[in-house]
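Order of writing sets the labels: A, B, C, D and E. Residues in every chain begin at 1.
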Amino acid sequence: MDKDFINENKTIEEIKNTFHSAEAKLQRKNRIIVKLRSDLIPPFLSYAKNYLSFDHLAHFSCVDWIEDNQFELVYILYSYEKNIIAIVKTRIDREKAEFVTVKHLWRQAETFEREFHEMYGINFTGNNRLTEFILEDWDDIPPMRRDFDTMQYSKENFYTRPGREDAQDVREVITKKSGEKIPDFAKEFSVRKLK
Amino acid sequence: MNSIEYILFITFIGAGLTFIVHHALPKLRDTLAILVSALDLYFVIQAISEKSKVVLSIADFHLIWKTTPYNNLFAVLIAVLGFLTILYAHDFMSSKDRLGYFYMNFLFALGGMYGIVYSQDFISLFFFWEIMTWASFLLVIYCCKDAQPIGLKYFVFSAIGAYSLLIAIVMLYSLSGNLELTNLISNFSNFSVSNQLIVVTLLLLGFGVKSAIMPLHVWAPGAYFISPSPFTALFSGALSKMGIFGIGLVLFKFAAQSGYFSYVQIILAWIGGITALLATFYAIFQTDAKKLLAYSSIGQLGYIIIGLAIGTPLSIASALFLTILHAAFKAMLFMATGAVYFRTGTTDMNSVSGLIRKMPFSFITALFGIITVSGVPPLGGFAAKWMLYESLIQSRHYFLVIVVFAASTAAFLYLYRFIFSLFLGQEEKEWEDVKEAPLLMVIPMLILSAFVLVVGVFPGLILDPISQSMNYLGNFNFNYETSVLFNEWGNQVDMQTVVNTIGAVFLIVGLIITFKGFKKTRYVSTKDIHTSGEIPQENENLTYAVDFYKPFERAIAPILKSSIDKIYTGIANNLEQAFDYLRYVYTGNGQTYAMYVVFFLSLLILFAELIFGINL
Amino acid sequence: MREKETTLYFGPQHPGITGNMMVKLKVAGDTIVKAETHVGYLHRAFEKLMERRTWMQSFPIVCRICVPEPDPNEENLARAVEEIEGREVPERAKYIRVMVLELSRLAAYFLWMGGQSGTAGLYTVPQWSVGDRDYILDLFEELTGGRIYHMYIWAGGVRRDLPEGFADKVLKTMDYIESRLPEYDKLMFDNAIFQKRAQGIGVIDKDKALEWGVVGPPLRGCGIKHDVRKDEPYEVYDKLDFVVPTYEGGDIWARAMVRRKEMEQSISIIRQVIEKMPGGEYYNKVPTPLNWFVPPGEAYVKTESARGEFGYYVVSDGSLKPRRVHVRGPAYVHGVSLLENILVGANISDVAMIMNSLGVCPPEIER
Amino acid sequence: MEINWSTILGIIFTPIIAFIVGVTYGGLTRVITARVQNRYGPPIFQNLLDIIKLYSKESNINHGVMQHLGPVFAITASVTTLFFVPVIKDSTVFTNFSFHGDLIFLLYIMVFGSLGMALGAGQTGNPNSAIGVSRGLSQLVGYEVPFVMALVAIMIQFQTTNLNDLLAVQDHFTKWIIFQSPFAFLAAILAFLGMMGYAPFDVVIAPAEIASGPPSEFGGKYLGLMLTSRSIFTFAKLVLFTDIFLGGASDFITLLIKTFILYMIPVLTGIVFPRYRTEQSIRFFWSWPLFFGIIAILVVVF
Amino acid sequence: MYNDKEASKIVDIIKNFARKHSLWIVAYGTGCGAIELPPTMTSRYDAERFGIRGSATPRQADVLLITGYLSVKTLKRVIRTYEQMQEPKYVIGFGSCTINGGMYWDSYNTIKALDRYLPVDVYINGCMPRPEAVISGFIKLQELIAQGKADGAKRYQENLEWYRENQRKVIKNWRMPEYNW
């Protein structure tokens, strides 16, 4: 088993030796997950790029954990040489959403950051191009935040042709069917607020 | 007093008077200048029928002024153009200062030109040549401090021309002991071949400088660019024609007697062809309308020189025809540009745009101008181009005709650029308040526009005096009717049929298209264009002007860059450096200049004695 | 104050643009001084909508992310769900998936071929190639019921088994397409003028490719041999025999040739798949869609699409609906930052060609 | 010029015939292109329908007087060109004014329309139009040079600049200038490709690059007039080439056959080639066509 | 002498015949439905048989094809494009999303009913409509034109206020150049 993951384990070791607070583990073949404090992310990423040969920023994602009042930023790095994907995660405060840019490391990060600025309202310091990207003249809260209700917005702003009134929330149907319980956080963002 | 005396007298006295009047009664100054040029025009026409002759004997020298058909042709050109440009200058110059200086030099230049064209001996020719040169030099440096280096360039080249003229005159005198034109012409065949060649070369050099043939054109773009527009019109339209006047005289009165005439012809024709082509290419890449027109002028003079050099009746006719026409259309274009400058304060084609609705008359003038330059029927340019091509083909200058044709097709590029940038395109906010030029500026433009139209339909009207002056130059006969042109093979172009056809079709279709759905046809502003559905922001520039002909530049880059341009810029750079050195010599002190001139002259005389064994 | 350079709007309503996006060009002469990509014209908020839909309902949504080639999206979501759940997929389903993926790659390449030569002004190729692409769409229609959107691959397998005689039809279509390829070679790839237009234009060198995160044919066009199918073989690609063509040069021409060679590889893969396809189930039973809870977890999956590496980052919080599905299409990088960079200094004539050769597809940029 | 019945008949019928033939050729082109592209294609009279539809547009916009007159310039040039070309050899009706003008006149009048269109396109203020014009004029310099070389070679060879004289020379098909002066024909036909504006020389209206270029602001009756003009002009150019190189035609059937064969050269080339870039196009005209032109002249001289 | 009324009728018939058989689509792929346009236009389905062809700019075009959902950002451009077209002009709504929002019924960025913002002459339903459906939609439009019923442009002109109100409600920052008739 360990023989298969020789590269992965070696990388995890290297990371752990350099960043002691890093939580690095193997997910599966070719995947390692690294969790870090947010202030360690910039040095870690440049370390990963320069010393661990993670040349390619394959993906950069953001997840809204509204329950924890946090945004999770996920950098997914790929090394052509080692053929390993590193999923680097960190969490930042949701209220004061601010982070530093990594566009000097990977040029494409600029685009991701522009999107997150628009969709989550995260401000990336150092990125001077956080202008309108996808939306135009948007005046509501950033739409990808979980507390933004797209259904309600759509109802308020757009004329809806009659005929869709019987559209039901799936969850409602399921609860009726199976008697399953709905977690509290989910209730809040349901189509019709369930009591 | 006969007419020639009147002309010279009135012009020079008038010149002095305007300067005085400027200080005493500034309001009368313009009127006086216009009056002088109008009187000139009257007497020039008078002189044609009068056949006047003036002889002034100073010591051994006889200074002779006389009317000949050839002289009259040029005199009328100068007089008409002088009158119109002075009329134009009235409003154009109204906001400038030092107008006494301006008008005086303007009239001096006019007077110099009259003196040149009527003169029948080399002394007076040289004398007036210098007056003209000095007056034009003073006008070139009229505007501002920036003009001084350009003026210096012009001065140096004029000096080169003048000195070569002077040497030639001195040589002629030493060889024949006489400076009267008729005498010299009859004696010329007695000279030795080398002397003939030297004299002809020097004379052509001297006259060539004024007509800005390559590679003596260096002064022209700058000088045309910097001089005030009314004078630019005269400068390019008439003053540069003095070179053509001289070249015509030299070629057919002197060189034609030499055994080497055919070589001179070939060389001169090719110089003309290359001038036309290169000047056109340079004009395409200019960003300033006046510079563009300046290069265009150089190119057009190239055509004229080709026409003269080929020496068949049709080609000479085309050259003289083009001389007159060029005076008209280049004056039109410079005037239209001047009108734009008058209203907008710039002639930069990258910034001015969309003036057509604000300055309709200037636009029409410019449109007629570019149609004439391009040689597209039905305006006058076509007849000139047609005669030139036919004569080139029939005299078997196969490759020259290709060069000329390439130049003339490439001319479309800069002509379109000119009219597009100034008048068409986006109507920008900066030029919202621009109005049409004042009436006195518009009238001369429209007169000239009417002229090119009439000449286009009836080229014969101008070919009459041209054929007379050609008879004076030599025994040149060619076939033409009022509106029909013939080539040597007997093929014809009937301008009247052409114009009738074009006019009728244009009118019929134009009316149909105008009245079809007239009510539902609406005007929209140039901001309402297809921008892929986007709405342009305020500061975004929708005018396509910068590097207009980039693809063409890239296409001809291998030709232009690799061979000629490098050598050429090399030479130009070296010349610039040379001028820098010259600047140390030209201190700006009049006495030093005088000393230099004396020094130079004595050097020349020494030189002439030593090398040519000429005993002065 | 008026800017010096002319502003040219390249799109959204422009015959040369691919899809609905805009490149604002500042030009001096016909040379581009500055290019600015504007996207968002197609933003439908898929990722937001998926947060409101069950896992099963998400499949019809993801396939609409990339119109010319929807299957890699379904494949990605399916594999992500399978990875989080640890769900096994029958062998037969894996083979069918590979066949569908390769068919859709072929279809996308045919469409690309039309676009690439159409933007170069060769209008005969689009007519042929889009017509030939329809044969593949017919196969899809028979297999899945939809020409464009298939919703065929889902977690646990594929939606239905191959119809009777389908394998033969696929083989026949492959024979036909293979017989057509030489004609395209003659008309397009061997065409001297096309070569003149394509060579040396839109160059991305190796360093730039790595710096900007280029993927797919543009990366292989720079001579870097990288293909998800080889690096991290998913489904049954490790059991199939194919090569990854690379070209040096990094220009439009190199990218075109990479795609051209890959078409042959795809045909060969499809033949192998049909030959080796085992019998058995085509899907493992999944819970009722309306009662399908996916355990908490996350997965990053990637698939090699016709335009390059297509990555999905999927997070489940253990509920009925995805917590987050984040899509990163190849055009996300190619279409915004890279395009802006390599258009500078290019000629207006080449904008459409460069965009096409990079495989810019706006719906996957803005989703 | 004397006005008599045959002149009037010619004036009336020549443009009509030219329009009909030009439009039909246009439709035929679309059908042939469609067949090459594995399609059925539109009906032959599709171009006529398009033109009628454009004329029947209810609202029209223009950006000023030059845009209004631009298409008029174009059609004036096409009709005038047509009038100065002998359509049918030795016919009293269809020689029109061809004795009153010559080849050099035709060269210039053919540019008249382009210049007018360029002015019209310039007035619209659309940057795409201006780019299109700048490309078109640049390309004009490209193909005019070899074309003129070919014409000069022919003019020198036959000592005439009049089309009727050239027609008189080619009284037997062995004496057609295409056989007498093949290099001139090569140079001219390559220039002709550029003149017709089909691929690979369609840089002016390149839709994928500059959104159809100069006509991008023209719609309704203006576009209709432009298409009419293009139909007539196509026919005029074809007749001109037939007269110069293929010995003209003494009846309509021959004329149609000859012009159609000539027309198919650019059309069929256009189907199988992509577009050149502008500078490549100019360079192309200054390579082989120019070479053929020089050879043609040298052959005449020696 | 012929009757003027009759003559105008004949002219109308010719006009409508020409309009019907010459439909130029403005090249604007507004949504994912644009992917079915290439097959429609090319060799398999060959819409050119019916005189349907693309045109580069709205000035030359007759038909505006709204291929699918319209995001608000696109709607603005579409209105601009539509207003730059010359009359008579027709709008075809293409796909379910133009009719009632389709599968994007709860999206915050797409409009749900196209005919509130632009006068639609023909709707083609389906997600997405097959090329056959597209062609049948065009034939329906041709029928309407022949009967003189395709009067979308006129409706737009007459009810401009209403359309404007709807458009302004959706497009927050209305910076459009005014449409002068």
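We take it that a residue touches a chain if its C-beta (ideal position, glycine included) is under 8 Å from a C-beta of that chain, and two chains touch if they have at least 3 such contacts.
Worth saying up front: this structure is predicted, and the values here are computed from it rather than measured.
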Other chains in touch with both chain C and chain E: A, B, D
Interchain contact steps from chain A to chain D (minimum; 1 if touching): 2
Path length in the contact graph (chain A to chain E, fewest steps): 1
Between the pairs A-C and B-C, the one where more C-beta pairs touch: A-C
Chain at maximum distance from chain D, centres defined as averaged CA atoms: A
Chain occupying the middle, per Cα centroid: D
Identity of the chain that, by mean CA position, is farthest from chain E: B
Intercentroid distance (Cα basis), chain E paired with chain B, Å: 58
CA centroid of chain D to CA centroid of chain E, Å: 35
Euclidean distance of C-alpha centroids - chain C vs chain D, Å: 44
In chain B, residues with contacts to at least two other chains: 520, 522, 524, 527-528, 530, 532-534, 542-544, 548-551
Shared interface positions of chain E, touching two or more other chains: 27-28, 42-43, 56-59, 73, 76-77, 81, 87, 106-110
Chain A residues counted as touching two or more neighbouring chains: 135-136, 143, 148, 150-151
Interchain contacts (touch definition) - all pairs: A-C, A-E, B-C, B-D, B-E, C-D, C-E, D-E
Chain B residues touching chain C - in the complex, by the definition given at the top: 350-351, 428-430, 530-534, 536, 539-551, 553
Chain B partner contacts - residues on chain C that touch it in the complex: 1-7, 9-14, 17, 22, 24, 27-31
Contact set on chain D toward chain C in their complex: 33, 36-39, 127-128, 131, 134, 199-200, 202-203, 206-212, 271-278, 280
Chain E residues within the chain A interface of the complex: 72-73, 76, 99-101, 105-113, 116, 166, 169-173
In the complex with chain C, residue positions of chain A that touch it: 28, 30-31, 55-64, 74, 76, 80, 83, 85, 87, 106-108, 110-112, 132-136, 143-144, 146, 148, 150-151, 170-171, 173-174, 177-178, 180, 183, 186, 189, 191
